[in-house]
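Notes follow the structure.
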């Protein structure tokens, strides 16, 4: 067993553990924190897959940005600390469907192997990505900027406090 | 050379995807629902990145795809949260199962 | 002129629509006149068409054809295109029905005095309905037929639902859904045939289906396919005709719709079913039709007896007439089932004759309802005293309905049974029971109103001079056909000969 | 002359149309239109008859319309049989027109009555002139229409309404038989023409089973029109119509149409022994059955009506017993004396305004014309020698005996006895004894009424000499020129037959005299001695009640059942489909519970199910 | 690759998108500098002008050959042109609705509203014009995100909030599912370019993984049914349609749905056209039954559930679910008439649905209720509103002389023209159509047969709305009477084969 293998197992376990905690914890904040572990572990997984740049982005965006805005979201809204369970039957049914889904997929991906791999992926990873983004994928890239702009404006107009509301408070 | 098989990554992704899905469908807190969706997208990203390395035609494409996914996911999370806050202002609740004024 | 004569005929009611659109809706008198004049226009055109029509001419006359819709398929089937044409034409059969349509429409328009509100929209819908009816009979391909067939549906829905009696909406929905079922099946059958053969034209289809089986195999047309198509068509038109047990919508419509509309519905719209059975059933799939003849005959007899039995104890004269229509449509089936000249002619005669008779009777019931505000038999008695002409015409109509010689009903009954007795004498003999039952219920209903001790009727006036026009014209037509049937049979013969040739009879 | 015979029915039709147009006229002189036009018909008919007597026949036909290659024809034909019928019909019709002028005096629908009479005469004459079965059938139905209109003339009377309806429906049952027989013959022969049918019968083109079947079907038609058992019940009820109508339709013409039909189709019947036997049996049984009912009726017209049924049975018996001439002979004589009787009865009713014989009595002195005429009629129908009824009845008995139908023969003799009895019961009750009702203001009818009666009275006496063994068999010779081959030229039964017949009728008269004139026997003698039987007879053997309980109730019951079926099964199925869709709709909207997570679960389920199907069908586990 | 190569592409072919992008940018800037109180009407005109200009640009491109930029991340072919016309036309009409929509919340953000509408349109257009998974995905998300925001635009309306949130959650899950499927498509072939994927799908090595291909197909397909609101991801539609502002609902039911079909056609048809199924059959043939089940389920669920609706917007949501089911029929049957049938139906659907929503917007905003009762006695009150509405409803129900009938007729041709014919699918479609008569005609019945108490209360119709109504009604009728106008246009200008035509643009190897 190579060190890479061990690292993978450790990271995978962390990621899954974070997920399991997300399901089982009752405190909302704890759930988010548990998920941070998962996100970071996934970043580690990316590293093992020679995707350093993606790993960094993962840490920045998921473990950083998204988790934090989610925490903000939790703080901004009043919520029960202890989450009540949903009706049991519903949970079981959902679990059953997802379990089946898992089993069906599992059976076919467990021996998926193309026997090929790209060994040079980590060389100049970031640079290559940059070049690709600005040449081959320039159109979706530019489109993404529009998308982010939309998200920005949208979030502002939706979440902004009304002026009249403020006046009313005064 | 790495000895970790492609299947291991895919399996991990599948597990996380299922957990995310389960969370999205059973958690009552809207924020958790949103974050569970993020987890699902993350699982997809693992797939993409793994396929970028192990595939018939390995290359950077998968990683780039995953970058777009991450961006989009972030935007989506932001918008989702904004909507949630607007909703919270009016309804004073973030419980998903209480959002059922429209049915039939 | 003759080139577009038929199209002019079909769409001539549009002129009325246009004029009405620019007539103020409060000017009821003008609207009424426009309504009547607007139906006279198609009648006039129909008469011109009749004069241009060669009685003994075989095949299609006054045909028009141009390409209308085209679907092109490039790849898999190798440049096959599916053109849909606008093609109309008349043969003896459709000429007769077009005449019937235009005549009954005029009379129904005159009879529309009983309509009390929204004259303008009433007549607009009325005109649209007439377009649909004229088009159905003139259409020469499945697509066009279907379109006109459906066009009749919508105005009818409105006319029943807005101007009908108490349960009008229910009746309108029944009408819509039942006929929807019929047209749904029809559409599936039509499109299937179209896709198999690449044509929608009646004659081409008939030709294609008559090819030897070896050639049909190339088109993937099996005997079973033909049988399936025929059964689909039979079911579809059975709804329209209607054949028991698919008749309850028709009863509802006859009871709830305003009288002039029932005149049209019972007089013409039901006949589309019969027309379809003849043209598509017997015309396209003669062999299969022949092998189903017994079933058709059986349904005919069932219809005849079922309708008659149910008519006997109805309390409402409208219901009596409605079930009588069910019964009389059984005679059409009987005629068709006999698959010979006599039966087929009888069926068409019945179509025309019942068109006139039921129009007359429903007109009279409308008059009665207008006077008394009721159509329950119990509320009437001895009407003959105050309304002798009404009573006389009603009796005459009833007698025509029960097939008294000298009136059109007799000829059709006689020929239909004559036909069936050749092929299935036992069934026919059972069917003749219907003739007795018909007499029973017709006399019961008619006599209950006109004979007996006089009951109070607030507005008992005899037929006014306006009301006499439709009554006498219809009665005259009934007598004319009853006394001189050759006029009709000569016109029909070439067309029926073609169909019978296919049937090998 | 013969070429214009087609005009004969048209004059009454013209009368019908003219009078219908003049229906609002208050003037009773409109009646003369009808009288005049039927008079012309009568003259023409006599002319035609004379021409036929000379030996001229005619048949003219043209295509009416075509069914494929087959032409359906219309036209007219004159032969000995129908020439005779023409005369009878137009004569009686003319006389009845005349009589009605007086009888209907004061009726507010006076012209309409004459219009109806015209329509009926038209139909009856047309029927007689028909050269083919189809045309006959059409006029046959129109005759029914005329009868219907006339019976229902007093439309405001519920009884008249019911009677008219009953007459139409009952005869229609028979008509359907005729219809079936006619159509079956058509497909056997390929034509409706009498000639061609007879030719086919002669050539043996039709199988014997089919012959019997068609003959019987046609006979069913005759049963209906002629009021034979079991379709006789309409005829007595039809007496609700004005009395002249009864004389015209229910004595002389329409009811005779059934007999005429059998006679006209005689070659067909001759070809089937079974058919003839059936005709004879039905006729014989009807004769005695109706006579028995006639014994106890209290309504003057009903007595006459049952008598008519009985006499028609005689005619059928004659035809069935190969007594072709005898049947027609009796048809002729009966037309005269029965019309006479009805008109006389009408005159009585006109005078006393009641039809119940219990309320009459002692009218002989007041009705000095009607009384004797009625007596002549009664004597004629009873078969008292030297009057017309005697000869024709004798002929029938002789034929029956000669044909070997001895049972029917004795039945007929008994019927003759009964006939004599009830006729004289009637006579004695009405004209003799003390008045039992209010008879103030009773006076003899006017001349327009008595004149036709006198004409008929004369004929009732002399018509019998048309065919006697004493003077000559004119009628027989005359009919022999027709298309029908007379079976065996003459039946000369044993010489004792007239004696027996005379004895039977005299016995009947004597018995009636004893009971109703002398009171030698108590009137309720029979009621007391045989209560059950008399009850049954008084109630007309409960036939009406029987029909009511079976056919009428049965039909109504079936109809009600049908309505229930329509409501619960036919509509119920539709309702089931509708509620099925609505149920689905309910489930659909319940699934849509507003919970976004449920939506997701639903989606995952959808996907998983699809994946499972793929896995299972694709051999995932193998 | 340097700037020269970058500039060497025919960027001109993207002019429709650039126009939209430019207009959107301009809008947001102008909006920023406008006074709060000033009317936003000019912005609507500007937005409309932009859409119109873009439309013109597309018409000018009609005879342009197939062009592709950067490995099909953008391609201009007949398919994209044909469907972009629909998208633009739909948005143009929705803009009119939006500019007339009066709600306080919306008023405040009206500028953003137009901007978002254009952004969503841009996403949809990119979807129509791309043959690359990544571009398609980003386009899809641009459309989705804008739609989420628009649905929630009435910030103070609880229903609007709720609908937006449900939309986000459902959409997020759907996105994840779609992506999960796509990741396998990508993974198995190592490509994001659709044509290359198709090539690689034929790879013999993949035969071992045929199950995964089918799974990927089903998951992707199911995920994509979200946009067209077809089963099994249809359940968001009624709630979102009900809560969203009417113009947004119109947009979702027409433009967004059209875009959904566009991406479905692109991804599914191109990618899997040569893919092997389990065993020896081709995949598309093998999965036909499953897609048929989905189509049938969609029609049944949509039509049957619509029966119980009293809320008019909700009813139209179910109606639009059902319509999606109809359009899936030719898709399922893989007919050779596939593109023209779908295109024609969507065109017809655009007119009838937007027309109907125009009337709905006018009525619901006047009456302040979404209950179907707002139609009560409309014929008496405003016949000129009732009559066009009748046309739209009849067209939706598929009654002749309307465009809807021709569309349905075409669908039948597609379903029945094959060997073996899909009789049962046609039967399901017909049966559910019958069911749909009940609720469609219910609207008519309410308008015509029930004279309400709101007698005399006429509905005021602004000029631009009247124009939309007239245009839609006329189009519905004209296309119903002369469908060749549209079909000839389609056949004359578009070559379906271009859809399958892979263009080898210069391949840039990574030489560094």
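Some notes on this structure:
Read from first to last, the chains carry the letters A, B, C, D and E; within each, the first residue is number 1.
By definition in this document, a contact is a pair of C-beta atoms (placed from the backbone, for glycine too) under 8 Å apart; a residue touches a chain by one contact, two chains touch by 3 or more.
Since the structure is predicted, the reported quantities are computational estimates derived from the model, not experimental observations.
For the pair chain B and chain C, chains touching both partners: D, E. Among the remaining chains, those touching chain B as well as chain E are A, D.
The minimal number of chain-to-chain contact steps leading from chain A to chain C is 2. Top contact pair of chains, counted by C-beta pairs, is A-B. Of all chains shown, the one whose average CA position lies nearest the global CA mean is C. Comparing the centres of all chains, each the average of its CA atoms, the largest separation from chain D belongs to A.
Averaging Cα coordinates per chain places chain A and chain E 30 Å apart. Taking each chain's centre as the average of its CA atoms, chain D and chain E sit 79 Å apart. Put simply, the C-alpha centre of chain C and that of chain E have 43 angstrom between them.
Measuring from the averaged C-alpha position of chain B to that of chain D gives a distance of 96 Å. Within chain B, the positions touching two or more other chains are listed as 20-21, 24-26, 30, 33-34, 50, 55-56, 58-59, 61, 64, 68, 72, 75-76, 79, 82-84, 86, 96-97, 99, 101-104. Residues of chain C in contact with two or more other chains: none.
Residue numbers of chain D whose C-beta contacts span two or more other chains: 589, 592, 594, 596-598, 600-601, 604-605, 607, 611, 615, 620. Each chain pair that touches appears in this list: A-B, A-D, A-E, B-D, B-E, C-D, C-E, D-E.
Chain A meets chain D in the complex at residues 86, 90, 93-94, 97-98, 100-101, 104, 107-108. Contacts from chain C toward chain D in the complex involve residues 244-245, 247-248, 306, 309-314, 340-342, 345, 382, 384-385, 388, 399, 404-406, 410, 414-415, 417-418, 421-422, 425, 428-429, 432-433, 435-437, 439-440, 443-444, 447, 450-454, 484-486, 489-490, 493, 497, 500. By the touch criterion given at the top, residues 68-77, 82, 121, 143, 146-147, 150-151, 153-154, 157-158, 161-162, 168-169, 172-173, 176-177, 180-181, 184-185, 187-188, 191-192, 194-195, 220 of chain C touch chain E in their complex. Touching chain A in their complex are the following residues of chain D: 597-598, 601, 604-605, 607-608, 611-612, 615, 620.
Across the interface of their complex, chain E is touched by residues 17, 20-21, 24-25, 30, 33-34, 37, 40-41, 43-44, 47-48, 50-51, 55-59, 61-62, 64-65, 68-69, 72, 75-76, 79-80, 82-84, 86-87, 89-91, 96, 99, 101-104 of chain B.
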